[in-house]
Amino acid sequence: MSIQALLFQTMCCASTISPRDEYSLVEALKQGKVSKPVIAWVSGTCAKLFKSEVQFGHAGAKSGGDLESAQAKNKALEEAGAIVPTSFEGLEPAIKIAFQKLVEDGVILPTQEIVPPSVPEDLSSAIKSGKVRAPTHIVSTICDDRGEEPTYAGVAMSTIIEKDFGVGDVISLLWFKRSLPRYCTKFIEMCILLCADHGPCVSGAHNTIVTSRAGKDLVSCLVSGLLTIGPRFGGAIDDAARYFKDANDRKLSPYEFVESMKGKGIRVPGIGHRIKSRDNRDKRVELLQQYARSHFPSVKYMEYAVIVETYTLSKASNLVLNVDGCIGSLFLDLLASCAMFSQQEIDEIIEIGYLNGLFVLARSIGLIGHTFDQRRLKQPLYRHPWEDVLYSKYV
Amino acid sequence: MSIQALLFQTMCCASTISPRDEYSLVEALKQGKVSKPVIAWVSGTCAKLFKSEVQFGHAGAKSGGDLESAQAKNKALEEAGAIVPTSFEGLEPAIKIAFQKLVEDGVILPTQEIVPPSVPEDLSSAIKSGKVRAPTHIVSTICDDRGEEPTYAGVAMSTIIEKDFGVGDVISLLWFKRSLPRYCTKFIEMCILLCADHGPCVSGAHNTIVTSRAGKDLVSCLVSGLLTIGPRFGGAIDDAARYFKDANDRKLSPYEFVESMKGKGIRVPGIGHRIKSRDNRDKRVELLQQYARSHFPSVKYMEYAVIVETYTLSKASNLVLNVDGCIGSLFLDLLASCAMFSQQEIDEIIEIGYLNGLFVLARSIGLIGHTFDQRRLKQPLYRHPWEDVLYSKYV
Amino acid sequence: MSIQALLFQTMCCASTISPRDEYSLVEALKQGKVSKPVIAWVSGTCAKLFKSEVQFGHAGAKSGGDLESAQAKNKALEEAGAIVPTSFEGLEPAIKIAFQKLVEDGVILPTQEIVPPSVPEDLSSAIKSGKVRAPTHIVSTICDDRGEEPTYAGVAMSTIIEKDFGVGDVISLLWFKRSLPRYCTKFIEMCILLCADHGPCVSGAHNTIVTSRAGKDLVSCLVSGLLTIGPRFGGAIDDAARYFKDANDRKLSPYEFVESMKGKGIRVPGIGHRIKSRDNRDKRVELLQQYARSHFPSVKYMEYAVIVETYTLSKASNLVLNVDGCIGSLFLDLLASCAMFSQQEIDEIIEIGYLNGLFVLARSIGLIGHTFDQRRLKQPLYRHPWEDVLYSKYV
Amino acid sequence: MSIQALLFQTMCCASTISPRDEYSLVEALKQGKVSKPVIAWVSGTCAKLFKSEVQFGHAGAKSGGDLESAQAKNKALEEAGAIVPTSFEGLEPAIKIAFQKLVEDGVILPTQEIVPPSVPEDLSSAIKSGKVRAPTHIVSTICDDRGEEPTYAGVAMSTIIEKDFGVGDVISLLWFKRSLPRYCTKFIEMCILLCADHGPCVSGAHNTIVTSRAGKDLVSCLVSGLLTIGPRFGGAIDDAARYFKDANDRKLSPYEFVESMKGKGIRVPGIGHRIKSRDNRDKRVELLQQYARSHFPSVKYMEYAVIVETYTLSKASNLVLNVDGCIGSLFLDLLASCAMFSQQEIDEIIEIGYLNGLFVLARSIGLIGHTFDQRRLKQPLYRHPWEDVLYSKYV
């Protein structure tokens, strides 16, 4: 048996029903297009009882003119032949009466009542009462946002403000899950300052500039640039840390280290500068070294890098320890000297690539800056000049 | 009361325990560093009973030499003073005995047994038995992967192969949730062919090339290029469709349409070509028009675009209907003429930006091609030339 | 000597000058805030000679009322004391006269004229005349967009339409730089159909759905999903091709291959199915095999995969050759059997990861579909349920 | 005339020539496959004169055994019939003699010498000498990397370290192009602390976690999460700033502001909290307000937000000013009170969305943290549970 009666009640939450759909039904009834009995109720009539505009159901039910008020609609439906109760409470009896009439008239045959299935309990209450346990699919350890305010590794946000934490301290909590001493977090901030930008010509800034000039939103611009960070762009600090750690831990002499790298065809990362040289030292390196020497308990990895530099300088005067090498080696000293990490944890940190994370975060400052810069300059769509491309078929 | 006994059993699943950790404990016991009684059992001893290498617990338990075998470990632990049962089954009694001895010696005071909480039922079985209903957090309608093979809008994958569907047909199922006639899906494929690439100089290809030369993986390269697609790059087809639809539906004359756009300072999208002109028509446009005229039930939107072109050509000879305008208007004809979409659905498709999706998908072919191209050519890291940048402080 | 005279001509292109800035100057002159002589000319006065609205300079110069017309502005400036010539041509003489007056009055001392530097030639004309050669920074080989219409590996776009090329043929041109026979490009299309989607629960679709529900644009949604494709999601076809190629080329027996994989702790990719088994074969695999056997010159790699399957089925009945393994091995047959690639080129194609490209492209169809789906369903911001997360401090 | 002689000299830079290619030629000559005269010279023979290993040309030329030494190759070529001079200098005469012999033997006919085209000058020297000017395609103003060390808005990196700048100061230089007072840059740092993370359940962290569990690299994980930031996730601070600024500048009373927002169906951003209320104030808000009141010259926008809060609290007790609203309004105060921005610049900063940039940068700390967290926890591929999805056909 198919449904023989059209039940019709405007639902408040049914977003797809436009405020004039009821009149389509009125029209259809008038034109005899609907042969089944229609039982209808348009909610929202008590809106009339309020002075100010109260929102009932969808916008149409409340706004303005008589024509669109719920009362007017109910009246129109009734006049068109629909069964319309006098209140919402009358809807159920009206359905019952209409049904029985259809049965009496022989239009429909009543079917056997089925036993309704018992309503299952809601998951959340079942969990709360301890009847059911739901498996969790995600494990997370760094930030808990369930309480009054989020905590970073157990420290409440307001404590962070109160205790005058810096950006480095928050990184310490969210990445290392512990509160590193201030000389460490200060060093992390220094790394961010030094890696924040390197001009518009490097891969990352260039792609961000191109995307910004394509009129895209900030995140797209930033992301398009970030995606170039990897082995060839931005990887030098990470590589310096890895190779210096490996060489130092295996107690290689600078000669053995440098020559074994050469043998593998790998340039020693962290060594060499375009302009700087033995007699024209990089001030940034000097400042970092100075800071570390007066604040770090030990700078053995940096000292190792320095004696490697002594060796490479004997080969060419521009093979100085550069900023990447200095940061890379000092980061090792930070991990090793603060006595808050096991050897295994240090290995994991280096393997996972925390230093890469530091570079990515720092350079985001520059990439966001380039996005704003291009937008402010109102630069048009970038198109690479044809003349700069070698179109080739034979490669 | 704190725990007075160290219970120790090598767990198979504890990924962080290295195969040599047991010996660290042996060492600690020998050196008297552990004062609590240790009850230990290293699992995996039956490994010896098998000829071939069976995997028990972690790798260390099975591999090679006596030193690392479970038996050797148990022996070493026992010799160092640990309580080691003779089999796994003996672990529980051993714990009991050790506990009672500690009580008797007065080292620990037994506490009152607490009633263990009843174990809650597992969610999946509770759902299956109808006791609990869990809310779903995601609604999805296009592809069902729960059965023997995934279905696209209800059509099984194997049917798609069997019926010789094309790429356009699959797009039809996954984007439009219905099987459009072949003339439509063929037209969708034509659009993909024509939008697949436009050389290395446009924003998208350029960023992809830069990222590929930074040595990044395929997805990063593709994505870095895709992110430039938007209002200024790749948006012309979408814009053409929107404006032609609006103008045609509002029954604007070509004069009214073009001049009102001019008034708003917007160039008519889909009109104009760098080289092509009245007397040097774009062959691609002609081929698309020809295809549509012989396969589409109606091409009213395209005809509208053609009379707009007649008007713009009267202004300048290169203001021809270009490929973007032709695709944009014909896509409207596709939607309107196949009689499978309500007016509301068509509006939604245009608003959501399905044509943009078509461009994005098509151009992905080219961007992936550029990634492969650069990798094959072994191009080094790209750095934009300094000389091409105006470094300014005064803007 | 600092500049002693304010020259003022409203520039058409100066986007930052608002149409009312001239009146600010008028005001400043009236209030005696400007002591230097002002020579001014507001362009756009001939606008009055035209009936229709012609656009001169910025919008303000043309539009509407007297107040903002260029004439009105010039008049106001003159009345405020500025030197205003009667036409643009009069600007230069006016400057000269004002300058000479300042000299005569002793306000300024004329300085020695410097020889202006010779104007360098423009790069493009210098290149055209052969005087200069500029290095190109980019090499590209797959698509040339400089002519009347772009070409894909030398084939004009219109030819592609004319010859009824399919999506697979365009991929062939843009990725392989050659026109592969139709049986190959048809197979490529089949791969796209089968990889287009796999439901809403896999990593890629899930992230796309979350991003779409965050209200982001199509490209962001697609990209957020694509970024999950890698070793664990989507990598099985690629892996299957690599391992089957290596095993077959090294002439390993199925036993040697499977057991050596097991020894390395790697599951054989392309083998195994959740539901399918020896007696309930995967129809998709059968269809692909059937197609290849009747169209490919040779299917040696697939046959190798089949005998591997025979061996694995002897271990467990669900260790069947699955769709990934079937596609992976047949793609090797495609490359090897069409006689259009050198052995070195095939190795390069496998190493670069063309199959991964195919998966990425195919799945983009699904991810775009999921974006549209969520948008159509008007889904709100997704927040992962707290209950599904194990918040832990001790890991 | 085609080339009648094969010239052969191993090029150092030709990366595609393998060290054994010369022997292939030897083989071909011996087998009579090459009929043209071959003049050959393998460079690198002086390698023998050095004791240590000096790198000449490709690796093969220097390394090891006699077989692969340049001398051995030259000898083999000569024995196979090639014309091999005794040194590199002999190559040119050898070519001449071979050519003349071919002419004398009548094998080739000498053709008229053509005048070689004059070699164009190199672009870089032509620019340096002032002969040519090349247009620049990119404008950039925030960071200059051409000198000895990069400068941020004119400030050298080493100065930044020396003067003990913080992260906020670098943001000030790269985003605002000026050195804001420390109370401003300190406030910027506070915003970063408070926005750094908000747990694993929000869109951004969730997508990052999913991507990390797919085994992808750090940048892909970060990016996949960042792409969810937009109108619905992370946009509240930006929106709060925009609406508060607009309302305050238009001098709307709190009643007018709140009710007009309601009229438009927009929730007032920056107002409302899940837990916090009139009697349980948000400590973070209090701390920020306290800081601003004692450090900012003026806090008029924040005060406006506070009187808006007074009005909303009269409606419901949890409609408090939340952290987003507090940061948003105080950022306006920062811009307005430091007297370093014109009104137009402030409007531009708000329009461009600098606050969004701050959120994106801050949250990157958290997203990178989640990436590390999942990697450290060695979590497997995430698959959303089927049970959580409503698969529907009827929407």
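To keep things simple, chains are lettered A, B, C and D as they appear, and every chain counts its residues starting from 1.
FYI, contacts are C-beta pairs under 8 Å (C-beta built on N, C-alpha and C of every residue); 3 or more make two chains touch, one makes a residue touch a chain.
Values in this document were obtained by computation on a predicted structure and should not be read as measured data.
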Separation of chain C from chain B in steps, with touching chains one step apart: 1
Most distant chain from chain B, judged by the mean position of its C-alpha atoms: D
For chain B paired with chain D, centre-to-centre distance based on mean C-alpha positions, whole Å: 22
Length of the line joining the C-alpha centres of chain A and chain B, rounded to whole Å: 15
Shared interface positions of chain C, touching two or more other chains: 127, 134, 137-141, 144, 146, 200-202, 217, 219-220, 223, 227, 229-230, 376-377, 382, 384-386, 389, 395
Residue ranges of chain D touching chain A (in the complex, touch as defined): 137-146, 148-150, 152, 157-158, 160-162, 165-167, 170-171, 174-175, 189-190, 192-194, 196-202, 209, 217-220, 222-223, 226-227, 229-230, 275-276, 280, 282-284, 287-288, 291, 348, 352-354, 356-357, 360-361, 364-366, 368-373, 375-377, 379, 382, 384-385
Partner chain A, residues of chain C touching it in the complex: 15, 124, 127, 134, 136-141, 144, 146, 154, 217, 219-220, 223, 378, 384, 386-393, 395
Parts of chain C lying in touch with chain D, wherever the complex brings them together: 117-118, 120-123, 126-127, 130-135, 200-203, 206-207, 210-211, 213-216, 220-221, 223-224, 227-233, 376-377, 380-386, 389, 395
